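Pasting the structures in now, so scroll down.
One chain, subunit A, links the two complexes that follow: it is found with subunit B in the first and with subunit C in the second.
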Partner chain A sequence: MVGVLALAVLWELYKLVGPADGWLVGAQEGVTGSGIRLLPRTSDQAMPHTWDMVARVIEPVTRAQGALPLGVVVLLAALTSLGVAALGWLVGVVVGFALALLMLGFRIAERAVLPFVILSQTVPLIALAPLIRNWGSRLEFGAFSWESWMSVVIIASYLAFFPVAVGALRGLQSPDAAHLDLMRSYAAGWWTTLFRLRLPASVPFLIPALRLAAANAVVGTVVAEISVGFTGGIGRLILETAVAASSDPAKPWAPILGAVLLGLVAAGFVALLAAFLSPFRRQETVA
Partner chain B sequence: MSSPTPSTPAPEPTPPDTTSGATATAVADATTEAVVARGVERVFAGAKGAEVVALTGIELTVHAGEFVSLIGPSGCGKSTLLRLIADLDEPTAGEIRVFGRTAKQARIDQSYGIAFQQAGLLPWRSVAANIELPLQLHGADAATRRARVAELLDLVGLADFAKHYPDQLSGGMQQRVAIARSLAEQPRLLLMDEPFGALDEMTRERMQTELLRIRAETGAAVVFVTHSIPEAVYLSDRVVVMSPRPGRITDEIDVRLGDAADRGEDLREDAAFFAGVTAVREALHGAESAPAAGAARGVDVR
Partner chain C sequence: MKRNRILAGAAAAAATALVLAGCSGGGSDSGDGGDTADGELTPVTLQLQWLTQAQFGGYYLAEANGYWEELGLDVEIIPGAVDIVPQDVLAAGDVDFAIAWVPKALASIEAGANITNIAQVFERSGTLQVAWADSGIEGPEDLSDKQIGSWGFGNEWELFAGLTEVDASGYTIVQQNFDMNALLNKEIDAAQAMTYNEYAQLLEAVNPETGELYQPEDFSVIDWNEVGTAMLQDAIWANSDRLADDPEYAETAVKLIQGAILGWIDQRDDPQAAADAVTAAGSTLGTSHQLWMANEINKLIWPSSSGIGHINEDQWDATVEMALMTKNQDGAQVITTDPPEGSYTNEYVDEAIANLEADGVDVLGESYEPIEVTLTEGGN
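Here is the complex of A and B:
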């Protein structure tokens, strides 16, 4: 909260002292667009006042009769995106964890799968989105038909699974030899060792991975909405309001704030999860 | 799962011909050796094809209810031998039998309890939950577990700390929890690898006395790895002296300073205790210098 306030103060301060047309180096007289802009413009066009942004949120979206306030539209869109992102996160976590278990169980799998897991993250999202939409649209059996939100879920989970797979594998492999010996001395099998030792021991590694996965899922959702063409989410709204920026400069900031809010909610959710799992985050002190 | 043996092996004079079934098993158990190692060898494959002979030609018998210490310089294979008995590792030659069964079968039957130098408690489990871990893994019901945990907490003097977590305990307390855990299933054999190694001298001596008391109460056989000569002499019925490269047993010294139950603190100042310490020290130094420099060096070391 303090951070938000500080940001707003900084924003207004810069607007106050910064030159209205920014600061250009090497600009030629009378040639627009020449030179390098070192400081952004501070005109109301480029940087609307923070209070204008807030005021804009409660005004209706458009001048049309019966239009909802912009804030409500943004919230609805954010909620839609949240649902999609949450689903993407969940799929990503399940897939990531399954991969980690596979790699834990089979040494060969670790050597075979891990390079691909790492390689998969180098494929740019922009290249992936049309592919997934294409493949998805070919899927059709019976009453089931592929919807664009499903593509968004896939892309979000694609970004979310990676930190989970890597983090979970490290966590599951974290128990030291003495603990593994102990489980062996109890004649505990692989699954018992997994549930009683490896899973609890993996929690400190898992929490940061889940947090990263949540952030990735949110970013993935927002970006994928735009490139897949899924309407109704916050990503799409950012694109739509950006078009209106020239006539209504405060408008595009609302969905951007909505996206930030989305990220905060996701982070909050993981923090809640972490609090729930806190008993497993105790560290052993070496006597 | 665990063999239902009575935890107290008749310290009071029970007539041997009692017809009760429990006593009959106890008598049968007493005739089986706790550990028998025959010609055991363990060779590790080192880097670039080099081989490390950690143990060779090990012949060792630990009788039921006997306290045996393994002592020797670092790297002589004490831990390796203990791990072989526990079936955490397998010998490259020879065989090990625990209570007449193979080491593997004995592990599966939960015939032994084990404690290491590091307490090795699970940090996310409370003291009580750590102690009941083996019971839980082997499907004991909640009521049995609770009763047994209470008993063990009393035994190691931590009754007030049941709900504490390992990171809230001192090193000595953690080690006592680990010992309680190793006793959870009333094993007739206790394997301990330098369990007091990380403790200060005062705590260490108190723990030793406690271990003797616990051992007297449970009647378990103990194989105890240590670096400390006084510790070995104070605790043991028999001290097994080992020497490195290749790891082997060079001497066995009977100490037996009296019944485990009535060994008190004053024993540490007893003449018999010092005699034992001297004997073990000479055996150790003799073993160290004999193969290399000859006897001349071994004698003058005090």
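Here is the complex of A and C:
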């Protein structure tokens, strides 16, 4: 809350101090578009006042009869995106963890899979999104048919699995040789070692990985919505309201703030999860 | 670990519920299934080029007013998105029909897409190049040595055809955003604008000097229809193979066009109804902006010289010729050889028009008069 307020104050302060037309270096007289802009514009069009944004959020989205306030529309869209992002996060966590276990179990799998896991994240999302959409739409068995929200889930999970796979592997490998030797001296099998020693030990590494995965899932969801044409989410709303940037400058900011809120909620959710996992964390610090 | 699992399970359930809630409004059954018994509606999917807006009002009205249902079709309208190329989605077999601009579709055809233009809904082009009234830019010949905004991605060909025609030189093409801020901030000299969308955005913005909205007198407009480099825009495209091999699909094509024409006639006679229909379908565009769009789209269709949807050979040939001749800033051109036979056909649209004329429907709109739309700030 204090952070949000500070940001708003900073925004207004720059708006007050900064030149309305920004600061341009090397502009030639009479040549349109010349020069390099070093400071952004502060005009009401480029940076609407924070109170104008708040006022706009309360106003109805359009003058159409029964139109909901913009804020409600944004919240509903954010909720839809949250559902998709959560699903993407979950799929990503499951896949990431499964990969980590595979890599832990088989040295050869670590050598074979890890480079591809890292490589997978270098594929640009904008190239990937239409591909996933196309492949997905070919899938059809029985009553099941591919929906555009599924493409969004896949893209979100594609971004989310990476930190989990890498973080979980690191965590599972973290116990000292002494601890592992102790387990061995108990004649504990691979699975027992996993559940008694490796899993609890991985928690401190897992929690930041889950947090990263949540942030990635939200970003993936917003970008994928814009890309693949899933309607009803916050990404879509950002695209829809972008056209109002010239004439109703406060309007496009509402869904952007909605996306920020979405990210905060996702982060809060992981923090809650971390609280549940904290007993294991303490065990680690004691050890 | 157990608690974690329970929590995860609860999260999954909540997420699924949310997703289902989010999707239930969208009408989600895709229409590829061939499981239609007699008397049931034939499922059809129609891919649009962009978001739900009055540019596609006729289709939304056809659905809202039940014209397709009367003809035995259950049409699902699929809005576009940034990475969705309708004619490619159609060629890939993911949808049954698609709306696309002719030059973009010609490029896809040359790249191997097997698609056919079955109805040229828009007879005129809605693309403008807008400059400030005091800039001295009156026509394409004045664009030499200027900063010219363009969206690219196949939306730029009329501009380049115009520039080529007058031998303009020394200009710089600037990638333009969805909004008109670059022109308003004088970062570019001329901006690309559709009559029905971006041009209205200008007239909905407040002029900081006067405190009033900008007026049409503040801008000078290059209309490619007047320059003579207009290309054909929104058309209904079908899968060529299925048209040839599947009589049921061909029949569906006629019905789709027939229902759509009735929708477009409703938009002509009552643009407000079109604006309301697309708003009801989930558009968040402002009310006056939406009405403006409905009215401007009408101007691109009506009056129709040979019946709405009929492809005029001279216009098609002109578009193809420009597509063959024009190079963009990267030296690329739309197509290098003539499009194959069967890239367009009037077979289905003429049948639809004949059916409608038999019912006494006015498919020409000779007496069409646009309405006056007053834009408000922000288009709201």
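The definition used in the following text is that the second predicted complex is superposed on the first by the 282 of 287 C-alpha atoms of A that agree within 3 Å, B and C clash if a C-alpha of one lies under 4 Å from a C-alpha of the other, contacts with A are read in each partner's own complex, and residues count from 1 in each chain.
Heads up, the rule we're going with is that a contact is a pair of C-beta atoms (placed from the backbone, for glycine too) under 8 Å apart; a residue touches a chain by one contact, two chains touch by 3 or more.
Here the structure is a predicted model, which is why all the values come from computation and not from measurement.
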Contacts of A:Leu159 with subunit B and subunit C, given as first, second, both or neither: neither
Touched partner set for A:Arg196, first subunit B, second subunit C, both or neither: first
First (subunit B), second (subunit C), both or neither touched by A:Leu210: neither
Subunit B versus subunit C as contact partner of A:Ile234, first or second or both or neither: neither
First, second, both or neither for A:Ala188, with subunit B first and subunit C second: first
Subunit B versus subunit C as contact partner of A:Ile126, first or second or both or neither: second
Dominant toucher of subunit A (residue count), subunit B or subunit C: C
On subunit A, positions contacted by subunit B and by subunit C: none
Residues on subunit B engaged by subunit A in the complex (per definition of touch): 83, 86-88, 107-108, 110, 112, 114, 116, 118-124, 133-134, 137-138, 165-167, 170-172, 174-175, 198-199
Subunit C partner contacts - residues on subunit A that touch it in the complex: 21, 32-33, 41, 43-46, 61-64, 73, 79-80, 82-84, 86-87, 90, 126, 129-130, 133-134, 137-138, 140, 145-147, 149, 153, 195, 199, 225-233, 236-237, 239-248, 251, 269, 273, 276-277
Residue ranges of subunit A touching subunit B (in the complex, touch as defined): 178-179, 181-182, 184-188, 192, 196-197, 200, 203, 279-287
Subunit A-facing residues of subunit C, complex: 1, 3-4, 7-8, 11-12, 14-19, 21-23, 25-26, 28-30, 32, 51-52, 78-84, 92, 94, 146-147, 172, 174, 177-181, 184-189, 197-198, 201-202, 204-206, 208, 276, 279, 282-288, 290, 376-380
